[in-house]
Structure formats: C-alpha cells, structure tokens
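In what follows, subunit A forms one complex with subunit B and a second complex with subunit C.
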Partner chain A sequence: MKVGFPRAVYYYDYFPFWAGFFESLNLELVASPLTNRRIMESGLKKASDETCLPIKILAGHIQALKDVDALFLPRMVSTEEQTYLCPKLLGLPESIFPAVPQGMPVLTVNFNRRLGKRRLLAELEHFGASLGKSRVEVHRAFELGGEWQERFEKSRLKGLSFAESMEEFDPVVRPKRRKAEEGSQNLASATVRGKEPPAREGQGAEVTGREVTEQEVVGRGGSDRGVAEREVVGREVTERKVVGGEVTNRKVAGREAAGREPTGNTPEERKEPSLTIALVGHSYLTQETYANLNLLGRLQSQATVRLVEEVEAGRIAEGLRSQRKALFWSHARKILGAGSFFSRGDEVDGIIYLSCFGCGTDSITQDLLARVARREHKPYMVLTLDEHSGEAGLVTRLEAFLDMTERRVRRESDVSAHG
Partner chain B sequence: MKVTFPHMGNAWIVIQALFEALDVEVVVPPPTGKGTLNLGTKLAPESACLPLKINLGNYIEAAAKGADTIVITGGTGPCRFGFYGESERQILADAGYDFEVVILEPPDGSLWGLAQRIRYLAGSKNSWARIVGAVRFAYEKSVVLDQVEDLVHAARPRFGDAVAAEKLYAKARQHLIEGTSYTSLHQVPLRLAQAIRDHQAAGGSGDKEPLRVGIVGEIYTILEPFASLDVEQQLGALGVEVDRSIYLSGWVGQHVFRGLAQGYRPLRAYPRLAKPYLGHFVGGHGLETVGAAVNFARRGFDGIIQLLPLGCMPEIVAAGILPRIQADFSIPIMTLTLDEHTGRAGLQTRVEAFVDLLERRKSGRLKRGSVLSVAGK
Partner chain C sequence: MLRENEYYLGVDVGSVSTNLVLLDERERVAQTLYLRTMGRPMQTIQEGLRMLRSEFSQAHIAGVGTTGSARQLAATLLGADVVKNEITAHAVAASRLHPGVQTILEIGGQDSKIICLRDGVVVDFAMNTVCAAGTGSFLDQQAARLGIPIEEFGPTAVRAEHPVRIAGRCSVFAESDMIHKQQLGHSLPDILAGLCQAMVRNYLNNVGKNKEIISPILFQGGVAANPGIRRAFEQELGQEVVVPEHFAVMGALGAAFLAQEQLASQGGSGAGSRFRGLQLAETTFQAGSFECSGCANRCEVVEIFEDGQILARWGDRCGKWSAANKAVALSPHGAGKKTQAGIRA
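And now, the complex of A and B:
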C-alpha cells in the first residue's frame, strides 16, 4: 500500500518519525511534491478563507497526492508531555476533509504525548491493527520512528540544513551541495539512495549540474507569466546563494572552532556576510521556500543565518526563564525561547520573525518576543506572509532591515573601539 | 488592593457579588463600549483575538477608577485564552500600567490550586467556610442569571415591541444585582416569567410561533453583546427566538470548577454529539460548537449562527466542519466573523438576509433540502 503524506505543516518537524514508523511496517509513505503554484492555488480554493496560510497550503498538498492508495493525516495533539500543538492541528483531519478528493481514504491516528507513552502506544496499536499490523510490529515501528526523528533533530541541532537533514528520510528533498562536491556528486547521491525521486516537469533543467533547488526547477516547469518572472528572480537568487551558502558553512564551522565569531565590519566586506541574523518562526514557514519567496536563501546570501532548530533545549529553557507563565504550544515555546536566547547574547545582530496572516499562536509569540528584543536592544522585524505576498515588498523590507542592522553593528563596534 | 476583571456580558454581576461577599474592594470596569475597544486595540498586537483587545480596554478604564489588581481565569491551552493573563500583564506593564495580575487557574488541574488563589485574594480575614459560602452563592447567581437571559430570549420575539422586552430584562437584572439571599435570587426568574405572561395577556404579543436560531461559537462573543454587536437582540427584534450553546454558569462549571458543577446548560453532552464530525477537543469551545450545532439541528431549529472572532483557532476548525452538518441536517448555518472593524450595518444586513431565508424556508416557498450556501463570509 502506498500512503501519501502532505508536505505541509507538521511535515517539516515530524515527517522522519512517520517515515520510520511506516518503513518499519513495510508500508510506503510518500510526501507530496514540493509546493508549487498549482498546489498553492488549489489550496486557496479548498481551504476556508479564515484560516492561516499553512493550512491553506496543506489543503493544496492533500489534493496533489493523487497516485496513492490512501492519505495519512495524523492528529498531532502533542509531542511533549507539557505542551500542545496548535488547535488547528488538533482539528485535523476532520476540518480539512473538504480538500480531500472524493473517494480517497484517509488514515489517521491521535498522537498525544501528554497522555504518556503507554496510552500513546495503545493508540498506535489500534491504528496498526486497522492496517493489519501486530502489537509487536507497531512497537518496533514506534522505536524506529523515534530513532529517525532523533537523528533528524540532532542533525538540525548540529547546524545542518533542513534539506541535508531531511534528505535521508524523504528523497524528494535534496540539499544544494557545496562547491567542492557539486555536479556529479549531486547526481551520484540520488542514485545511491536507490529511490528515484518522482518524475516531474522541468526535470531536464536539473541535470545541468547547476546549483538549482528542486523548488525552482518546479517553478520553471510552470506555464504562465507569473512563473516566468519568478524564474528570473529565482535563478539570480540561486547564484548568489551559492556564494552565501559557502561562506555560511565556513563561518559556522569557524565559530564552532573558535567559539567566537570574526568581527570584520569594514565597508569593503559588505558583500561578504558580515551580519548574523536569526530567522525565527514556524519551520513550515521558514523552510517553505515557495510560500516565503525563498526568504531563507535570500537571507543566506547576505548574512549568516541562525534558525530555531539549531538551538539546544537548554538554551531554549534559559531563554524562557523571564516568562512568568510557560507557553503551552511546542512551537511557540521553541520560537520564544530561541528568540529570547538570540536577543540576549551577541551572537546574532538582528532577529527576523517570519509569521503569516491568520496565525493565532504567532499573535501571542511575536508580541512576547518583540518585548524581549526591545528590552535587549536587538533589532527585530516581523515579516507576515500571505498568499499574495510579493517579491518586491519582501525584498525592500529585508534590505531595509539588513541596512539598519548593519549600521547599528558598525556604530556599536566604532563606539567600543574608541571608547 | 482594588480588584478588577474583564467584562464578559453580565458576568460582572456574579464576580462583583463574589468579591463583595468577601469584603474585597472591587472596581467594576465601565460598560464596554467603542472607546474601550479603541483603547485596547491600540495596545494589543494587531492579530490578537477580539476578546483580548476588549479586555485590555476594560483594564485601562478600570485603572482610571483606581484598580490595581486584575483577576482573570487561566488555562493550559491549547487556545490563546490560557495565555491571556500573562500576555495582558506584559502588555500593560510595558504601557506603564502597574497591575498585579492574579490568574485564577487550577495549575495542576486541581481545585486546590484554585482555592489557594481565591484565598490569596480574600485575605486572612475570611474563614474557609465564608469563602466556600460566597463562591456557592455567586455560582447560584450565575445560574439564575442564565435563566433570566433565557427567558428574555423567549420574550423578545413574542413581544410586539422590542422596548418592552428590554425593559423587563433591565429590571430583572437589577433584582439580580440586589439579591443577597437564595430566596430573593430564586424570586427573580419567577417574577420575570410572571411579568412576561402579564405583558402577553395584555395583548402585547404577536401571534405566530417565532423562528428558532441556535447561537454557537466562541464563548466571549456569545456572552458579550458588545462583541457580537447585539446579535441576540437583533434577532429578537426580527422575531427570532435564540438559544445558545453555552451559558455563563455552564462555562464556570466546566472551566473553573472542572466539571464539578454543571451549570444551566451543561456542556457535557456536546463531545458525544460532535463525535461523528470531530473526534477530539480543539481548545476553546470548538468541539462544543460542533456538538451544539448537531444538537440544535436535531431539535429542529430553523437555523444556526456561529460567532467567530477573527483568527479564533478553535472556531476556525469548527467552521471547517459546520458545512457538513448543514448538509447532513439540511439546516442553514451562517458564520459571522467579528473583529474591531465589523460594522453594525453590514452585520445587520447579513442577519436580516439570513432570517429572511429562514422565513421563506419555513413558509414553504423554499423547499427543505434545496441548495443553501449561506455559510462562510
């Protein structure tokens, strides 16, 4: 049986668990294609106007899963004992049924760590039984899922990119190689994995060995004007990104070794990323290249970027210490904790909170973090995405923020050099 | 210590009674109005939900009357309301309002924690027996209040003129505020019912059976007429009898007393009713909205209106499910989205159109089961 998993919301944080779980049960779990224009548009059509962008994208991905025997839409209630995920995820799958194609079976199970491992396992056993799997098989699947998930999270903590960390669990995701291993390596690794990524329009463009992300390849295959425009921008960004990515990786390594970041802020170095910017927000926004107009790539071409997923639990807890009451959403806790940690230290020069219209949890979190950042005098900007977000607006705001941050950094280093 | 609290419809009557019985000095915020909302909107994050904005406005207006301590209930999620207290504290502190915020919540889900916070507010001058007595009496008041509101829901459409019903309502509310004994409390709904009968007997009522509309949705917007732009009153004036998914005492029973008390309209049955459509709670009252919609549909109501504060997560989940109930039971369901920009005129037009549709359906000009798409915007 081939089971489809939508590449949206919880995919970005929890897919490795489910990939391992299904793998162990000998069921094929495939994620939908990378987000593209068609997916976005069909999502907007099927999801309610009121809801947030990620849920609209989810509706699109559900419709994009065509050649599968069933959809898997778990109800992820909580992944930690003390927290919840967002109410909108608690409302899955029922609230997204309008987007499910007629006649497509939906598999679902409650994943709720608050109830303790025993009851979670009981739920999973029940689910396994409906698929004809024994208790023992389900327990084994739970273990493997856990291992895969841990591997993924550790890889993110080490500072490897989302794509690098996800690659082994989802062959569709392929990281851009660094210069040294460019070209043949890129293709080789695809074959080594044995699984061919699903054929897709625009595949030809990719074989040139150029550093093009899948995302942009898909965009190129599209058919109308909007896409063509995107292509140009996309390519330009990609090329810049190669340089940026290089430097980024080197910088991260350097900092780890020296424990301290090099501080070169002379105007000549302007083109090199001299700034370090934290990009915080839900992973399904920061890593959703299509919806965020490649914000992460753009940022990486101009600055060293730190992400929430790279911050260890201890530092998140430390960051949260100034809050009198604990936030009860997993993601919000991590975002606020990491964001507060970034605000306090001098590792990052500024913080960008990527949010989206209609996000209920962000309305609280982004405000709490703004207050922390203000107290710590850390430059802070909220970027709010919606389905109509345009490149121009995004670029302008990004540039303005980076300029402002850079001026501040330079002024501060002047002060400290002379004072 | 001068305690204040956010307005939520008539809840202030109950809260004031509680604190006064304990000799705690209490500042009831001025009635919520446009100015209140404007104050709150200025301080609140733009994408915060409507209740938070109104709460903030209430506090600021109460501060002007000398309040220095806020009491609000809490929760552990997953809806935003559970974080209101802390969020509001920070917003107010940064804006220069130095409030103490006491969050009445059972931190570990136990009533003991709740009791301790009430104890803190009540101070050592009160014995436990007195505290328990005061809480019980306040709770009783909330049940009676709900009976009064329900009677008014029935009276409005049956009275020829809208003013008469509101007058009786105001009078009953006054009696309730003044009631200090169980006997006097229990007199209130009896007297109101009698007054309604008298008015009808005097020929002050229309002759046809009114339409019935069930109101479901987010608790605050259901209970606070300012937030819903008096939708209940509007419906009443259009000759519609309304019922709600949640009344104050039901909410208090479930939310504050953890189900130990059930209130006037128990919420207990809703999850079971909702089950075929939504199998899990989603925070706030999303599950109750779905369950109540099924309940109203089964009871043969003519239509259902969902109140959804813009961006409200649990109600958005419910809104995604209501169309199925609409189709299965062939009952028109309309969702009203509310925020600080919602205009009275626009809302009224939609409510009138909805009632018009229900009337045509009832009089048979529109066949039952014909295509209905009144849900959504």
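And now, the complex of A and C:
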C-alpha cells in the first residue's frame, strides 16, 4: 500500500517519525511534491477562507497526492509533555475534508503525548490493527519512528540545514550543493548519524574512515559538545569547532553556511556575510520556500542565519525564564524561547519573525518577543506572509532591515573602538 | 567634487507619484519634479527626463540613485549607480537636511512608514501591511467624493471647531462613518478634521505601535502637504511636528544623496556614473510579459524592451530569465559593484 503524506504544516517537524513508523510497518509513505504555484492555487480554492496560509497550502498538497492508495492525516495533538500543538492542527483531519478528492481514503490517528506513552501506544495499536498490523509490529514501528525523529532533530540542532537533515527520510528533499560537491556521497548528512542509517541505496552505503571517527566522537561524547565537524566546501575540507552548539568562529561558520546552501542567487552575487540574523517562526513557514518567496535563501545570501530548530532545549528554557506564564503551544514556546535567547546574547545582530495572516499563536508570540527584543535593544522585525504576498514588499523590508542592522553594528563597533 | 552644471539625480518611483530631484555641486536642491505615475512608470520617468532636459540642457549627470517600489525598473532604464529601498532613502534625506532628527513619519500614496533614528542611524522602522487604509490614496478618494480639490482638504480641516469622531481602522468603515456624520448635519470642516484624526490614530496604532516617538519629528511624504494631518499628529503626540521643505520628494532626495555617496566611495577609481544619458527621454521603452512554461510555478516574466531590444527581464523564481541581465543587482548593497553587461551589450 502506498500512503501519501502532504508536504505541509506538520511535515516540517514530524515527518521523520512517520517515515520511520511506516517504514517499519512495511508500508510506503510518500510526501507530495515541493510546493509550486499549482499546489498553492488549488489549496486557496479548496481551503476555508478564514483559515491560515499553512492550512491552505495543506489543502493544495492533499490534492496534489494523486497516485496513492490512501492519505495519511494524523491528528497531532501534543508531541511534548505539558504542551499542545496549534489548535488548527488539532482540527485535522476533519477540518480539511473538503479538500480531499472524492473517493480517496483517509487514514488518521490521534497522537497525544499528554495522555502518557501507554495511551499513545494504545491509539497507535488501534491504528495499526486497522492496517492489519500486530501489537508488536506497532511497538517496533513506534521505536523506529522515534529514532528517526531524534536523528532529524539532532541534525537540526547541529546547524545542518533542513534539507540536509531531511534528505535521508524524504528522497524528494535534496540540499542544493555546488557542482563540485555533487559526487561527494552526502558527506554532510553522514556526519550526523549516530546510528546506522536506514538502508537506502546511495546513502551511507560507503562509510569512509573519516566518517567512522566522527561517529565515534558523537557516540562517545553523547552530546554535541566538542564535536569537530568536517564538511566539504568546494573541494577543500574545512573544519569548524562546535562547542555546546555555539559556533565559536562566527565569520567562518557564516561563510560555510552560505556556501552550503546556495540560494538562487548566482555565486558572484553573494557577498561575504558580516551579519548574523535569527529567522524565527514556524518551520512550515521558514522552510516553505515557495510561500515565503525564498526568504531564507535571500537572507542566507547576505547574512549568516540562525533558526529556532538550532537552539537546544536548555537554552529555550533559559530564554523563557522571564515569562510569567508558560505558553502551552509547543511551537510558540520554542519560538519565544529561542527568540528570547537570541535577543539576549550577542550571537545575532537582529531578529526577523516570519509569521502569516490568520496565525493565532503568532499573534501572541510575536508581541511577547517584540517586548523582549525591545528590552534587549535587539533589532526586530515581523514579516507577515499571505497568499498574495508580493516580492516587492518583502524585499523592501528585508533590505531596509539589513541596512539598518548593518549600520547599527558598524556604529557600535565604532563606539567601542574609540572608547 | 562636482563642477558647475554637474548634478546628482535621485529618482523615486512610487505607486502614486514619480519624483525626480537634482542635487547641485553644493548639495543644494536645484530642481524637484513631482509627477503622477498614473500606472505608467516608464513613460513617467521619461516625461521627467524630458522636463529636466529642456530646463538643464547643459547639465551633466554625475550619478543616479533610484528608490521606490519601481526602483528596479527605474534603475534598469536609467543606468543607476545605486538602488536603495525607500526606508534608507528617506532616512538619509532626513538626516542630511535635518541632522539630529529622531523620528520620521512618512505617509505616501499607498504606504506609510515610521523610521526611528538615533545619532543619525536608523534603529527601528515599520511599514504598513497590505491594507492601504489611511494613506494618500484614501484621502484623494474622499476629497473627490466630497467634491473638494485635495489641496483644500487640509486648510478646510484646520478650520474645524469640533472634529467628529470617525472610525479609522478600515477605510471602508471610515467612509460609511463619514457619510453617516454628513447625514446628521455635521459641517464639512468638522468631518474632514475628524477624518484626519482617525487617520493619525490608525497610523499610530498600526505603524507606530511599540515605537518610541521622540522629537525632533519630521513629517514627510505626499500627505505632509495636508496641514490637517499635521495638526492631528501634533495634538495626538503633544509634540511639534516639522514638515521639511522638500517633504514630497524626500525619497528622491535621499536617492540623490546616496548616489553622491556611492560616487564618492568609488573615488578616483576612474569608474564614472553609469547613467545612460538624458537623451533616454527620446528612446522607446516597451514592457511585455509572458508566462514561463518551464515548471509548474508558471512565473509571470516581465520583459523590458528598448527600441525593440531586450533590456531586462525579471519576475522568475528560478533565475532562468533574470540571470541574463546583469544590469542592476537586486542585492541591497549597491548595484555599484556589478558590471553592466546587460545594458551595454
């Protein structure tokens, strides 16, 4: 059986879990194609007018999944203790039924960690039974899903790009590399694997000596601390030191990041990044290249970019310390925590909050973060996307923000130099 | 340094107006033009050049800067030395003419912004989001509906004794509110003044939200011509609001200053301006567009022709078409460093 998974909303955070889960059950799980204009337009037509842009995109992806036997639309209620996902996700799959093509079966399951692991497993067992899978098989699938999810999250924490981290779970996602790198057997993704990669051809099949040593380092340390990452930039092997997740040499790291993720601009146009900008917001917006008009790529061509997914749990908690009350949406919590953490340190020069019309949780989070950023005198800007976002508005704001941040950094360095 | 008869040209092509400014060798404003764009930016730019040419036939243009929503188009047409966003351009103009300015309120045809400067550096800014409520276009519309010329809008509003309260959050609601007040028999000045106050409240609640508004405050953009709005700002903020002499063309002026900076930084490197000459006024520019069928995105690609030759293309996501024009970089950090093969070829 071939099961389709729409490349929208929860795809960006939880696809590896479901990929592992279905893989273990011997079911084929495929994601819809990358968002394009046709997907977007069909989504806008089918989804409710009142809902948010990501849900509209979801509607488009659901319709783009044509040659599958069924759709999988889980109801992701809670993935972490004490928190919920966004209310619009809790309304899935029923709220999106109008977008499901006639006659297409929909598989769904409640995923709710708040109820504890036992109840969660019971739900999954029930779901597995409907697919003809035994209890043991479901438990095994749950384990593998968890492992894959953890590997994905660790890879993001290390600062590897979304595409680099996702590519082993979703073959459609391919990090853009320069031609010289093309043949280099996905070194970047190999370096983060603590465990044996899933047996997919062309990946991880050859483990070179160097990769083995790196895996050992990861295994021994058991954490990200002091891991020397190597990566191939062009033909040269460069090294950088990652200490506790914080990149010690910002400028060097920046250049590598820019080199790793070409952005649609020609290489000649790329200039040496001197700024570090944090782009915060839901991953289904920051990584949704089509809907966000390649904001991440544009930003990366001009600055080193830090993202929410690269901030460890401890620092998120640290960032949230000044809040009087806990946020109960897990994404909002992470965004606010990471944003507050970025506001306080001097690792980043400015923060851009990417939001979209109709986002209820962002309406609160962006304002809470604005207050923190203002208190810390950190340049802060909110960009709001909707379905008819013009490039002009986005580019103007981005340019102005970078201009401002750059002039400000230059002035601050002048001041300290002169006393 | 500029010699006699040498000028820097700043061009601001906005949705409603296209402004041109000539800056002379002593950084004085030699000429300002305020033209209505009327949805034809290319023709309007050419119209502006024609006017400059007739008046300054001996002029030599030493550098060109463009800004505004059609800055890219203008830069391609003219061969600009610097292309900058409106925020930076406005901030540069304001701080050059009024050193020490700390807040800039700008309301234009379809957008409005606030810029906070400290020690001459932009530290914060905001622009209105998609909704054009409370911008010049709305005032234009209402003036037309009430049958008064836009020039008399402000002076009439200032005569008000008891401004009425009008909902300013949405221009559609504001209009129905205004009609209601008219029907109740309120005087025209009171209604207009009420509208000014509603606009200012809306501006401060949206664009000005969370911003520190400290004097000296400059009010610029086309709407600054309206003394009613200025007065409403002063009442609401409790501080003096200054309307600079060249309020309507500050963006273009900023672009001219930026061109001057750019050429100065190029210094004696021999590279002069890339301006393609005032005779451009006589060239035929045409724009066309087509839908690229290369992938599912179906980008609408815009083509600019000069005398039948392709000058530039843009609008594609992948860069397949736009990669060919090296004319002006989209990067904010200056077209100055790029080659101009596309234009010269």
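In this text, the second predicted complex is superposed on the first by the 326 of 419 C-alpha atoms of A that agree within 3 Å, B and C clash if a C-alpha of one lies under 4 Å from a C-alpha of the other, contacts with A are read in each partner's own complex, and residues count from 1 in each chain.
What we mean here is this: a residue touches a chain if its C-beta (ideal position, glycine included) is under 8 Å from a C-beta of that chain, and two chains touch if they have at least 3 such contacts.
Since the structure is predicted, the reported quantities are computational estimates derived from the model, not experimental observations.
After superposition onto subunit A, partners subunit B and subunit C are found to sit side by side with no clash. By the touch criterion defined above, A:37 reaches subunit C but does not reach subunit B.
In the superposition on chain A, A:302 makes contact with subunit C only, not with subunit B. In the overlay built on the shared chain, the residue A:143 is in contact with neither subunit B nor subunit C. Using the contact criterion defined above for the overlaid structures, shared-chain residue A:312 touches neither subunit B nor subunit C, since it reaches no partner. Using the contact criterion defined above for the overlaid structures, shared-chain residue A:362 touches subunit B, although it does not reach subunit C. Of the two partner chains placed by the overlay, only subunit B lies in contact with A:87; subunit C stays clear of it. Contacts of A:323 after superposition on the shared chain: subunit B is touched, whereas subunit C is not. Look at A:95: by the touch rule set out above, it reaches subunit B but stays clear of subunit C. This overlay, made by fitting chain A, leaves subunit B and subunit C with a least C-alpha separation of 5 Å.
Note for the complex: subunit B touches subunit A at residues 45-49, 74, 76-80, 82-83, 85-87, 89-91, 94, 103, 277-284, 286, 308, 310-314, 316-321, 323-324, 337, 376-377.
Here subunit A touches subunit B in the complex through residues 48-51, 75, 77, 83-88, 90-91, 94-98, 110, 323-325, 327-329, 357-364, 366-368, 371, going by the rule given at the top. By the touch rule above, subunit C contacts subunit A in their complex via residues 69, 84-88, 119, 121-125, 127, 129-130, 210, 295-299, 317-319, 323, 329-333, 338. In the complex of the two chains, the subunit A residues touching subunit C come out as 36-39, 264-266, 269, 271, 290, 294, 301-302, 370, 374, 379, 384, 386, 388, 392-393, 395-404, 407-408, 411.
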